[in-house]
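You will see two complexes here that share chain A, one where it goes with chain B and one where it goes with chain C.
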Partner chain A sequence: MAVAQPVGVYEREDLLTGCQAVAEGIRLANVDVIAAYPIRPYTEVMDAISKIIADGKLVAEYIVADSEHSQFEIVKHAASVGARAFAGSSGTGWMYGFEALVVTATDRLPVLFLVGNRALDDPGAFGVEHNDALAIRDMGWLLCWVATAQEALEHVLLGYRIAEDREVRMPMALAMDGAFLTHSQHIVRIPSQEAVNRFLPPFDLGERRLHPDNPVSIAPQVNEDWVMEIRRQNWEAARRARGVIATAYEEFNQVFGQRYRPPYSFEEFLTDDAEVVLIGMGTVAMPARTAVRRLREQGHRVGYVNLRWFRPFPTEELRESLRRFRAVGVIDRDFAHGAPDDGGVLLHEVRSCLYPVRERPAVVNFITGLGGRDVSIQDAIRMYEITQEAARKDRLDGFVTWVGVRE
Partner chain B sequence: MATADKVLVYDRIKGVKQIPLEEFYTSGHRTCQGCESATVMRQFIKAAGPRTVVAGSTGCMYVANTSYMTTPWIVPWMHTQLGAGGSSAVGMAAGLRALMRKNRIPQEKIHVISFCGDLGGGDMGLSGISGALQTDYDLLIIMYDNESAANTDIQATGLTTWGAQTTFSPVGKVERIMHRRWKKNVAAMLAVGHPNCRYVATACATFPPLDFLNKVRKALSIGGPTFIHTYDPCPKGWDFHPRYSHELGELGVRSGLLPLYEIIDGEVVYTYDARKTAKGRIPVREYLTRQGRFAHLTEEDMAHIQRMVDQMWDEWEVPGVAPFRGTLKVSA
Partner chain C sequence: MIKRVEINYRGIFQKTLAKRIGGDIVMIAARMGQVGFSNGRYSDAPERNGIPCKYFAFVSPDLSEEELEAECGAKLDIDEANISVVLDDTMVKGVEPWAWHGVRPINEKVVPYGYLLIVSRRRPEELVRFMARKPYPYYLAILEGEASFAGLWVYRDDLTHERVLGALAALDPQLLSIEAVKGYLWDKTHEEHRVQAAQKAYESVRHNVHEVTPLQGIDWPYEIPKLPKWHEFPEGVVVKAVPREFHLGPKGQSRNQLFKRGTTKSQRPVVRFDLCTKCTLCWLECPDQCFDPTPDGTYDVDYEYCVGCGKCAEVCPVQECIVMVDELAFEDNRSPWEHWKRDPEGYVRWAEEKKGTHRVLPNVVTGTGQRVVEVEPVPAGGKPKPAARAGA
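On to the complex of A and B.
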């Protein structure tokens, strides 16, 4: 299946699923410790990595854990001795290991996790919903959504680069929509090891690594004496991460050509003259962009904003961008029952980001695509129409529509 | 015992004078006076020495032990979660091995030790410890058993002795015995289920003298994942004067309630053989009546505990260790 042709900094092109692309990223990042546990849809990444290791293409400790809690604790402690580590999960598995996810962040250990987004039980559903990954949004994780397999591979490299930076040292969750990206195949250009080595330095935990030559005590009991200062340090790291993210993309572009454009944390599609935009995360970008093209053929000035980085939230840049429009429709592939105006998680982030702007666009919200339900081009067109309607009306914040639900 | 020492090559501490003088667990902790779990800490790291990394699960040996800015640990130490006794050891061992394989840190033997309490290890973390004992990493998990969730103010666990009063098993007007679980047989269970784990032992920090130190040395020298369960009298939780901590450990062992043994490559070696045909055992009441947590027990209750202990030693296929009775029967 491979077309083995070096293309500059790329060694070959291949047809890969999102999960397989991440596995290639793990190989190229020369990850030291990998812990696996099965749950659809993220599992395929571990299938691919175990084959890569079995084929001798990566030297790593590969552990099949007894539970997600152990899986996550294993990589956390592997990172604590200075190893580059990888794990991942989906849906209810992610929640099973939640305690470990929190301490990985509060201990500032820069592991990378793949979250193949999946609906939380009950009732059972394999399909995408973003609530699993969003559960860590307040814990001190870097959290980023990718929309193609190429981006997935590249964000493994970017992820380690950013997470391991001395200024950051936070764990990184790379989220991708279950099925729509984890299992859909794309042509992926695979970077050469030489190019990756130029971009991604080896992991060095420095004075914080656990080793007999560096006898530190990590995470002793602090109580009210110190916990607030430590929270503050973590808060500052998350703030610094914004700058490191921009630097990392610039460095990436220097090695790999102009792959990403500022502001990096999100991507705009046909917004220059737009009056109305939708904003969403993940693969919903595909139907949304097609809808934009179709509506533009009919003379509608609409655009799409693909939000990539959810944590840290690109507050300033997004505020400056969205204030240009008359209305913003926020697509939530998640739920936040009982939240203000009964909207989704992203609604509240976008609305609060826009709040300091005096002349704010109208903000409306769509809950859609839950449990892996397809978001069709027609659905996207409907969301644009509702957002256009909101632009024409007087301010009408907190207006939530469920799209594609039997009512 | 002699056979085991013959096959197992390790740096044995032969007498009190050979106990290393260096302390790697020193001042700075706030454990109660007479805390035998703290003695376990002090001893395991003395036996292991400074080329060791340690993870410690939440519990008294975290909260009372390791306050910010006053750590008692001279060796690198890290907190781990209540149920992560096994997984934390695997993570550290895997990380160190990977870094050595890739020549990013010097090749050397670094001991990996993780400790957890009876609730953290024996109840919540069993699955993770089982996972760890299936790996091929060199690591030692020490479950220090003070027979309660001591840190959260003495609640019953799966390893609390039958009938004990705890804050979750108080004596009431109608119920005298609220804790009706028989002490979980963790060490033997792990040994039976993990035939690749070459060394499992139970120990008491001070009885017999030197024994625990040497068990740690054996576990660390045999290779692969290993497990030690220690019985730790806890003055606060068991309600006795701290001056009797060592004595209570000894009484527990000699009563047969707390069996002391090693399982080395599948062979059971008794440290204290409490069978009537061997050293025998003292009546359990001599142990029970020394502790406030058993003050409410009637003669009948104590007789029940005695019957259970007698059964362990007189009827079990592997006395005090494995609760099978009788040998193979072939059904028709």
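On to the complex of A and C.
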């Protein structure tokens, strides 16, 4: 993925967890207001930011809130006065602040949130599951998954660039798998401030900024008279966001070298001659890619698609990509009990995206890795085998398979 | 090729130490042109004081970082270790983490002719006698030293960190060369004593490596728990309570049979029942309810459940009545009260021998170090005296 890197754009290399990498991104984005409330695995982000502030490397308001709800309200209000703001959470904590989250989108305030994916306990469970972040999917948010610590740092910068764009101005949830990314230490290249400044302009809310010199009122009572039009505006912003995302990655590449390849919203691994692919989000890419390598050694034409941007969903690009294959296996690290065919959330997005294609690939679904259960290389190979079987038989019955459950 | 290093540590007390060692392995390997990354076993958190936990470092001389990560990154635990580091030698009795793993042998993951590196002052045979027999040979390496204990908010800068890095260089120079270790420590700190600590450990460990054959060790007495299938337990996350029962005497209270947590301790309380004034404090204050009331009014200890926190020794108002003793001084978890009942004088002799003549007083102010005092044993038939308090 990483190719050329122009000299001078990186300041140093350091060993960072995914959480610490996000904190470095916050420092480089020169964030003004941070609201914090602990819940694992997100907690390490707030720890790392507080240390950066204590070390004198960032001047920011750091507010420890009394709950996630207050935490999210604080950053929403901070953004409305023109502050670049950050908050984050995980699992049920994220859900607890939901009322504040949904209105941040309606108010079109571009705050960046980190979601360290965590199961929605009860019972006491801390491992990764994507339902927490996915819950925001219909609420007018940007939602993106990263799979490495380097990407995590870079997507803080990309996230602010995209969310704050005049054409967008939407809140952004940056999701990363609990444990496998949040708590894993990697050598990360840390960009120089000078290079970041070239890429990321200061936040400017313009005419919408709440300020004594610019008297405005945000979100007054609208009753039945305005909501439909407000939603229509939000839809337009989400559509424009697709273009802004591509532009932002191009600009990023210009400053930092060819870090990312089009179509940016997802990344393909050994798909050129593939007959069958799996698609998933987050760190499940690790065992899947190893499985691809091993199966290719035995002559199987398989590949992997790592979906990065879930909202806005890269409909056109993904449709064009996936239609090339004979079968697509969708990996869901989430559940949607009682949904059509009892498949997961990603299944329905991918299948619906492919529906207008006349000669569609067969689509099968895997529910796996729930609650932090590890997805082994062997599990991934099994998923490839089932998908290959679907390609041969074009069989769509009973296509949801739970992988890794004790049965 | 992938080298996997496992770092076994005591939860909270050695968390920062283990994380730093794991991280520095990656940084030093990178100086040698290798790629690596490091993580902890996530299911160990939230850690409880002393509970056995693991940290990992993965290094490869030839794979890309992406390939290395693809092989090792998205896993909770490892299947095998080229080197298993043990930061506290009392873990040779077995490690039972929070999650449903059961009591596992400390050498479980060590590969044939791999290394088990233990920080210890003991001789190899004193450690091997607690460890599981393996079907193949491997090496036991000993890094002379005490277990380095601190706590979540403090870091004990006693050079264990640097010494372990030096020891790893002695065991596998391809993983970490001693030059790279020293260069890294110097560049990072510019402190010569850190470089020297690594160098000395490197030299001493090379002469302290012992082959362990398939004949050595014990048959592992613990079973690995079998987890139920999805349709085999009640819906709604309902767990049946442990049946309540109570009678006077050893193991007279019902306890959870599935998670005994005894491998959490590095010390255990030795009780002089003959000095006990039956004040009830140990029984009331033990956070894990390990004391069983007995017919004579004293309190037996269930060592299978004791986590070695030392609370009982702290609250006992009688001098020399409850004293914490190194866990490796004991072979089994049998009831001390039954021993005392059977043979009161023999028990007192036994207890005093285990206790020895030196007591470590807890730190009065963090950072002032430990105070060790010499004590006179109280003979059998001696009278209870009020306990001397730390700082007095």
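Here, the second predicted complex is superposed on the first by the 397 of 407 C-alpha atoms of A that agree within 3 Å, B and C clash if a C-alpha of one lies under 4 Å from a C-alpha of the other, contacts with A are read in each partner's own complex, and residues count from 1 in each chain.
By our rule, contacts are C-beta pairs under 8 Å (C-beta built on N, C-alpha and C of every residue); 3 or more make two chains touch, one makes a residue touch a chain.
Predicted model only: the values in this text are computed from it and were never measured.
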For A:Gln185, decide between first (touching chain B), second (touching chain C), both and neither. second
Query = In the superposed arrangement, does A:Ala85 touch chain B (first), chain C (second), both or neither?
reply = first
**Request:** Please work out whether A:Ala125 is in contact with chain B alone, chain C alone, both, or neither, and reply first, second, both or neither.
**Result:** neither
- Task: Mind working out whether A:Glu407 is in touch with chain B, chain C, both or neither, as first, second, both or neither?
- Result: second
Using the touch definition from the top, say if A:Gly372 reaches chain B (first), chain C (second), both or neither. second
The chain contacting more residues of chain A, comparing chain B with chain C, is B
Practice item. Look at A:Val9 in the shared chain and tell me whether it touches chain B only, chain C only, both, or neither; answer first, second, both or neither. Key: neither
| Of the partners chain B and chain C, which touch A:Pro220 in the superposed model: first, second, both, neither? | first
Intersected contact list for chain A, partners chain B and chain C none
Listed in rising order, the residues of chain A that touch chain C in the complex are 1, 13, 15, 40-41, 122-123, 126-127, 148, 178-180, 183-187, 283-287, 289-290, 293, 372, 374-377, 405-407
Given the complex, residues on chain C that touch chain A span 19, 22-23, 26-27, 30, 35-40, 42-43, 45-46, 65-67, 69-71, 73-76, 227-231, 237
Listed in rising order, the residues of chain A that touch chain B in the complex are 30, 32-33, 35, 59-61, 63, 65-67, 69-71, 73-83, 85, 99-100, 103, 202, 210-212, 214-222, 225-226
Listed in rising order, chain B residues that touch chain A in their complex are 50-53, 55, 62-63, 66-69, 71, 73-81, 83-84, 86-92, 94-99, 101-102, 104-105, 110, 127-128, 130-131, 135
